[in-house]
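Look at the two complexes coming up: subunit A is in both, with subunit B in one and subunit C in the other.
Here is the complex of A and B:
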């Protein structure tokens, strides 16, 4: 995706391009929001648009929230609707938990197409 | 020896760190340094021998020793006063609960011991509310019901609660509901936790208010070769946020957990250093070994002030 035509969004897109050029392999809206002092919703919007354009891929990590939780990731998914909404048994510790908004982490990873596109631009 | 090695002795032996025991006993004439530095058993004997009853009572109250230090902090908008609470206690708590009973354990949490203190009380509860799946024979798991121990501290001046033991907010809320029904009161508890998307702001405000140090953290690693990275502070830079590399790469990254260290004064007059770890699930705080009740309440009032905006 090359441009938005809206200065605020274009600037953020350029910042994301720069992050990826510098070797960022995993982006989160909260990280961009803190680093560049922008609204998390705006960061989320641009990241989601980049997913739709095929530049980024979503990556979901589910943390076990059971008794023996060591803040480790139990399972990983590429789509939100793949995440079960029923009780799971943690593959690491055997605890039971239900994935919910507090233990699902969403990050965005650059696709090969996006990396190649950026390489060509520079 | 002028004292019994009773339940009180055991509780002090198991829960009170050596530093306050040594410092308190050293203030008393006739103490033996040899015994104070020998081992915990000799140290507790010596403290009970030389310290006055008031000091011993304070030590006992400060370190009640919950089953574990996983804590959920609750506040209440109930108009219940300390005298209402005392009346409810008098009605619900018989003499047998003050010494402790052997309860019939069920899925619903049952109070088996109540320890009263100046500003509130501690309720020790047990429930058979968990199942563990054990591989008992080849390719076969057996589901076994196991017990959970919960310790709830209900305290004033503002009516608040600290619940030790559960690993989920739902279970913590359930235990407090049972306590309300046991005491015949209506507390309308609210769990103290940051709202969605507010956890970093909460962390920053809490760190500032406590004057705390970030001593350990597990963070998402956006730039490096790792998905996450766990960092622990060393003596040279006791606060990770002061480390140049941390400031450059990880200060804005998401946390799986953060561990703060803060200092506060307890009712025994000592400044203690407390570690508390928090992250997901929000509202769950895990304290380092044997903090005093004063330290936990100081932490709770700080969290409460920040989240209630008072």
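Here is the complex of A and C:
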């Protein structure tokens, strides 16, 4: 499937296809950036495009950002709107914190339709 | 947490995606673009369905279309011409009822539904009409309004509608009966558009969309043995597209040839590119492939065009193109 018509982006899309085929079902921009030595912003761009195209779904992981921040994932959401904008009590350490964008991590899961398409291609 | 872990966290954080204008953090404008419904609701006219080019709608496909659009929950609905095959009032009213029922089912504000006439919508008038009769399409759907401004998904949207059908009296072509499928944007239409484009409200729009029935550019890879493009193309399509780009239009939606495709076009490299999106026929029976388009737009960042094709089980999503 030709998403972009730009060789660089198409190549990255092909690499993501390969990752998903291998069973990596929680993709992150930092992982792709490190593994394939590409700019994190470019990885973000492509992952976001695949969300827009309906191939990937976003998962929002909220890190506890209390005073004793341990960078633990406290809660996970599938929609941005579901993330509370009020004070939470961390289920791990008991600290109180308000979720903020610096401490919300994004991971990307392939959708059923995307997996079906990959299965048909192979 | 080590330094490299911190860097990874910074890369994956929502704030970083926002900083890089990645789509996940920004609202999307969702558009369903259907075209060439080809309603034939008049009993007598159904007799002609045996002739290629005069076939009518397929009820099963229309039901599948309703189901598919309901799932997509679009903000805007565009119907880019040929709502009927003959342009008779019975069929046009049936098409109008279908479009409004679809909008109601999907919970789209009627002001967010747009249509333009196609060459089939004026077919009877083109060959048999006279200057004292209003066109059936105008009677049923109303005259084509040149411009509408909306606020959708926190964006200001400008929509410009063009009537590209021909007026036989003004056409003055020696090839008259043969070129009824061709289209042209008239000088008065350009004047109306220019007036709307200069409006202050248009200047503040995040995205500008133009809708026309005929294809301004020739369709690539059109199969042999079909009606020649020389008889169906918009005769001033190049001028139209160039002027749209000069006027800051971002997307042009059209139908007509029943060949879905999309492309990026640039007449002036100093201006933003224009994205041209063609829809196939959404519901005409016994056609090679029924389809419609679904667009997700983040203004100034990207446009995703996704095609949905009809299969036995309903409309299924097919290929996508991302224009960044």
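The criterion applied here is as follows: the second predicted complex is superposed on the first by the 109 of 122 C-alpha atoms of A that agree within 3 Å, B and C clash if a C-alpha of one lies under 4 Å from a C-alpha of the other, contacts with A are read in each partner's own complex, and residues count from 1 in each chain.
Keep this in mind: contacts are C-beta pairs under 8 Å (C-beta built on N, C-alpha and C of every residue); 3 or more make two chains touch, one makes a residue touch a chain.
All figures in this text were calculated on a predicted structure; none of them were measured in a lab.
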> Per the overlay, which chain contacts more subunit A residues, subunit B or subunit C?
Replying inline: C
>> According to the stated criteria, A:40 is in contact with first (subunit B), second (subunit C), both, or neither; which is it?
In response: both
>> I'd like to know which partner A:105 touches here: subunit B for first, subunit C for second, both or neither.
In response: both
> Regarding the shared-chain residue A:23, is it in contact with subunit B (first), subunit C (second), both, or neither?
Replying inline: first
> Does subunit B (first) or subunit C (second) touch A:66, or do both, or does neither?
Replying inline: first
> Following superposition on chain A, which residues of subunit A contact subunit B and also contact subunit C?
Replying inline: 28, 30-31, 34, 40, 63, 71, 101-103, 105, 107
>> Give the list of subunit A residues in touch with subunit B in this complex.
In response: 19, 22-28, 30-31, 34-35, 40, 63, 65-67, 69, 71, 73, 89, 94, 96, 101-103, 105, 107
> Contact residues on subunit B for subunit A in the complex?
Replying inline: 130-133, 167-168, 196-197, 200, 218, 220-223, 227, 252-254, 256-257, 279-282
> Which residues of subunit C touch subunit A in their complex?
Replying inline: 1, 5, 7-9, 11-18, 20, 22-25, 28, 296, 298, 302, 304, 306, 317, 319-322, 324
> Which positions of subunit A touch subunit C when the two form their complex?
Replying inline: 1-5, 9, 28-31, 33-34, 40-41, 44-45, 47-49, 51-54, 58, 60, 63, 70-71, 80, 101-107, 113
